[in-house]
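There are two complexes below, and they share subunit A, which is joined by subunit B in the first and by subunit C in the second.
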Partner chain A sequence: MALAVNDLKVWYRTRRGDVKALDGVTFEVADGEIMGIAGESGCGKTTLGKALIRLDTRMKHVGGTVVLDDDELPLADDAAMRRHRYREVSLIPQYAMSAMNPTRKIGRMIRDLLSAHNVRYTEVLPELERRLKLVGLETDVLGRYPIELSGGMKQRVVLVLSTLLNPSLLIGDEVTSALDVSSQKAVARALVEFRDHGFVKSMIVITHDISVLFQVADTILVMYAGHLAEKAPAKTIISDPLHPYTKMLIGALPKVGDRYEEQQLEGIEGRPPSLLEPPAGCRFRDRCPLAHDKCAEAPPFREVSEGHHVACWAVS
Partner chain B sequence: MRGYLARKTLVYSLTFVVAVTLNWLIPRLMPGDPVQRMVARAAVQHPETIASMTDYYERTFGLDLPVWQQYLNYWAALFRGDLGTSVWLFPAPVSEVVLDAVPYTLGIMIPAILLSWVVGNSVGAMAARSRWLDNVALPIGYLITAMPYMWLAILLAWGFGVALGWFPVAGGYDFGLVPQWSWSFALDLLQHWVLPFLSLFLVALGGWAIGMRNLIIYELESDYSNYLAALGAPKRLIRKYAFRNAMLPQITGLALQLGTILGGALVTEIVFAYPGLGKLVLSAIQNQDFFLLQGTLLFVVIGVLLANFVIDIVYVLVDPRTRTGLTGATA
Partner chain C sequence: MLTLDNLDKVYRTGTFGTSDLHAVRQVSLDVQRGEVVSLIGESGSGKSTIGKMVLHLLDSSGGTMTFDGRDVTKLGFRARREYYRKVQGVFQDPFSSFNPIYKVDRTFETLRRSYFPRVTGSEWRSRLDDALAAVTLEPDDILGKFPHQLSGGQLQRLLIARALLLDIELLVADEIISMLDASTRIDVLNLLGELKGRGLGILFVTHDLSLGNYVSDRVVILYKGRVVERGETSAVFDDPLHPYTRDLLASVPHLDRTWDEVEAEEAERTQRLAGRCLYHEAITAQGRSLGEEADAADGVPDGVGLVEYAPGHFVGCFRKAAEEKCPAAT
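Coming up: the complex of A and B.
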């Protein structure tokens, strides 16, 4: 088991109280698994991604554990966490376009970063060049400044750089969001390729774009308002979802072949609850067509069939 | 790079021509007539004497010629290094008067600007990483940088000069001394130098420190800092990068400051009766000395242009982002 997250709670401290952005999530990611996380804005998916590698100053680790390769990650201890970053957990950030120091040549920046991890640049260089070629970049990008590269090129450099030390877990946060469709496809393919080559053991890909997940992910985890809703193999989530939220989410996607001049594309009525004082029980129940009395109690995230977990009283 | 240099040189040459023209023109727009003034100074009553004196002075200064010819003569003389003759200190040549004043101004301004820049940036960078220092340095920085520097100069002169009596309050050296190469004269110069220097140094220091602190905090919050931190880079490396990048706007700021070097201390020099270019500008205006004013301002203009030119070049060397513009149409 590569990654085991158990009842993880990460809250944001604000002046009006704690925002319970991630309120007790439990899941596992197997070796070699690419798990996608989907959900609407504010559901806690980015918080989860950040929590696994670096809490920012407003975030507070309230409870729960994260075990990676039989090693518990000290999430709340920034200094102790530093040892695990890059070598074990790595990140492709949302902001890959501006992730590199604008005044350092890319090769020089990589050299600085590696030597901070006591790795010799010259030893890694052949592998680095091989991987750059693998994602379709010339090795002379190392002698360039970030501004000389296009957005897609920067994204690929960041992909290579983030995975250079073969981390166990790679977190990709909205990796493809800022790219055009053809670059999206190239990056999506590169992610899968990197896993297949064993550069990365397992991956968590966070996005609001379910169609990208369908291309990349083995399994998809759907989140809603700081809770988990459903986790299943990608195909099952698309073709045979169980949780009412997942159903409505998939139903809200346009389908190839459907004509939307005659019919309205359906959305989900209502808004997610405030996470400042979230209601007890199932957080989706205000918008849920299947809600009943039992839903005032929080549903467990239960395995209903092989590899298919759902948190809903109506279906499990 | 060569095209860039050529373009820059052209732009600066044009600026120079315009500046020199304005420099020649503006004193001539002042009310009053310098020749009348000189004649009046001689206190002669006889109309014929007045006429011949006026005639003589006008020919000496070339003021009898048509304006366009005066202008051309001015350029011609400029290339010979001849800035004309001072009216106020007649018959001393302007170049001599100006060159006598330049060392005093440079002696105050260069150390004040450079030291305040170096110290201010270091203090600012330290304040950005220490809450304690930040809480102390920031209010003090705001306080001193918000002070009008002539007011600070007067406070210093009163405090350290009049009340405590540690330093003299006026002049570049003791009025009883003759300039010479001796230890006692050098010491005297230094004593007269301290207060004007300090007043400029302190005001600039606060500004640099606050600017640097804010820039570093901004850089530490930037995406590349966050990415490095997520990849486990130590704070030392992240701060190094942040500092390097925060220096760029500060270098521009330094360039602008260096540009004002020759004229910037005007009020300070007046407060301390310091014999630099600033005081010279004031005297030239008060005495309607076209030629001295022209000459002094010319030095100021050359100073500004040279400083900016040098910084344009330095900037290209330190910031790769400006380099990509080298091939573009904009300079």
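Coming up: the complex of A and C.
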């Protein structure tokens, strides 16, 4: 087992109270697995990714454990996490592309990152160049500024530099968003290739774009308002989802060939609850067509068939 | 209704306007009442530039635009106001279209003051309610709120409602759903579908083909500023001809087929069309009698003309960039 997350709770401290962005999630990611995370904006995807790397000052670890390759990660201890960060768990943050320092050449940026982790640039340079070529980039990108690269090229650079030390787990937060379809495909394929080459053992790919997950992920985890709704093999999530939220979410995605005139797809009415004072019980209750009395109690996230977990009282 | 004819845009770039960027090359297309025309192409292909020229947010560098037969290529201040009663745009980031320190109501007040100063309060309120109802928003949920209290989808629908208050005939929608969640995207798409049913013409700019496909009647595929293919949505999607269109369609992440499966299907077509250029074949075979486009192509450089390959399905020279060589040229 590469990663085992157990009842993890990470909240944000705010003046108005705690935002319960990640409120008791339990799941595992196997060796070699690419797990996708999907869910509406604000459901806690980025929070989950960050929790496994570094809690910023407003985040607090309220409970739960994370075990990576048999080692428990000291989430709340920033100094102790240093040892794991980048070498064992690496994160490509959401908006990484736009956060690149525009005055630094790509090579310089990588050099700085490596030295912050006590790695000599010259030592890894041959491997760095090899991997750049593998993702279809010329090694002269190292001498260029971020602004000279397209979005897709930047994301591939970020992928290469985030995985140079062969981490056990890579978390990619919206790495294919904001790219057009051709660049999206190149980046998505590079992710799979890096797993196949063993540059990273397992991956968590966060995106709200489920069709991209269908292309790259082995399994998909669907989150809703700080809770888990469903996890299953990617194909199952698309073709046989069980949770009412997943069903509605998949039903809202037009496939190429679906036409408004022929068959109108439906969105999901309403909005997720506020995470400041989320209601007790199932957080999808207000929008769920199957909601019933029992749903006032939070449904457990349980395995209903092999590799298929669902949190819903209406699913047997 | 709206017709663009050989529209051009050259951006003067470089410190002293020394280098030019030819962002839009002789683009011709039209949008009729009650139809959605999707403008599809990769980042930087010139989609927004075209949208902005249609909205007169940018001057064109060449070619003409007509609206119901009237030349609207250049408009003075007064004429522009009139034009905006009929043509409005909605853009990608709904948050940036609202001032965060004011309640969203202010957007409507400003509109009323500049366009409908003589409409009475109660009349205005009822028009507003109608417009909000058309975009399926409850006035009570929306009015009196600040932008940050609303979702992206709600703000996007508010902007469309604002456009509707003007009783417009053409809407330019530039990537209006790419920032939205899947669950609200479809609502906005359905709304566009409904509006076109009511006679609105929509120029829908997107790089997401599955979304473009769902509502659009016709598609225009843009590559490096030039139209490489256009036609009925189903014709272009079922039988993409231009190498760029084929690449693009093979890159779409489908929900029911993997990229490998799509590539396998595409390989066959690629093989059939290898080393060929349907544009030049048509031109050589028939002289210039294949279709209106071909006739009009007199005097138009080969790189930007189109031929009618099948009824309503137009394709341009198979070279990818205007400055590249045609694959059929040996």
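To be clear about the criterion, the second predicted complex is superposed on the first by the 313 of 316 C-alpha atoms of A that agree within 3 Å, B and C clash if a C-alpha of one lies under 4 Å from a C-alpha of the other, contacts with A are read in each partner's own complex, and residues count from 1 in each chain.
Definition applied: a contact is a pair of C-beta atoms (placed from the backbone, for glycine too) under 8 Å apart; a residue touches a chain by one contact, two chains touch by 3 or more.
None of these values were measured; they are calculated from a predicted model.
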| item | value |
| --- | --- |
| Contacts of A:Val160 with subunit B and subunit C, given as first, second, both or neither | neither |
| Most subunit A residues touched (candidates subunit B, subunit C) | C |
| Partner chain(s) touched by A:Ala234 [first = subunit B, second = subunit C, both, neither] | neither |
| Contacts of A:Leu68 with subunit B and subunit C, given as first, second, both or neither | neither |
| Subunit B versus subunit C as contact partner of A:Ala99, first or second or both or neither | first |
| Partner chain(s) touched by A:Asp209 [first = subunit B, second = subunit C, both, neither] | second |
| Partner chain in contact with A:Val200 - subunit B first, subunit C second, else both or neither | neither |
| Touching partner for A:Arg54 - first (subunit B), second (subunit C), both, neither | first |
| Partner chain(s) touched by A:Leu170 [first = subunit B, second = subunit C, both, neither] | neither |
| Common interface residues of subunit A - those touching subunit B in one complex and subunit C in the other | none |
| Residues of subunit B touching subunit A in the complex | 222-224, 226-234, 237, 241, 244-245, 248, 318-321, 324 |
| Residue numbers on subunit C that touch subunit A, as the complex places them | 42-43, 151-152, 178, 181-187, 189-190, 193, 207-211, 213-215, 237, 247-249, 251-256, 258-259 |
| Residues of subunit A that touch subunit C when the two form their complex | 40-41, 150-151, 178-185, 188-189, 208-212, 214-215, 238, 248-250, 252-261, 264-268, 271 |
| Residues of subunit A touching subunit B in the complex | 53-54, 82-87, 90-91, 93, 95, 98-105, 112-113, 116-117, 145, 147-148, 158, 161-162 |
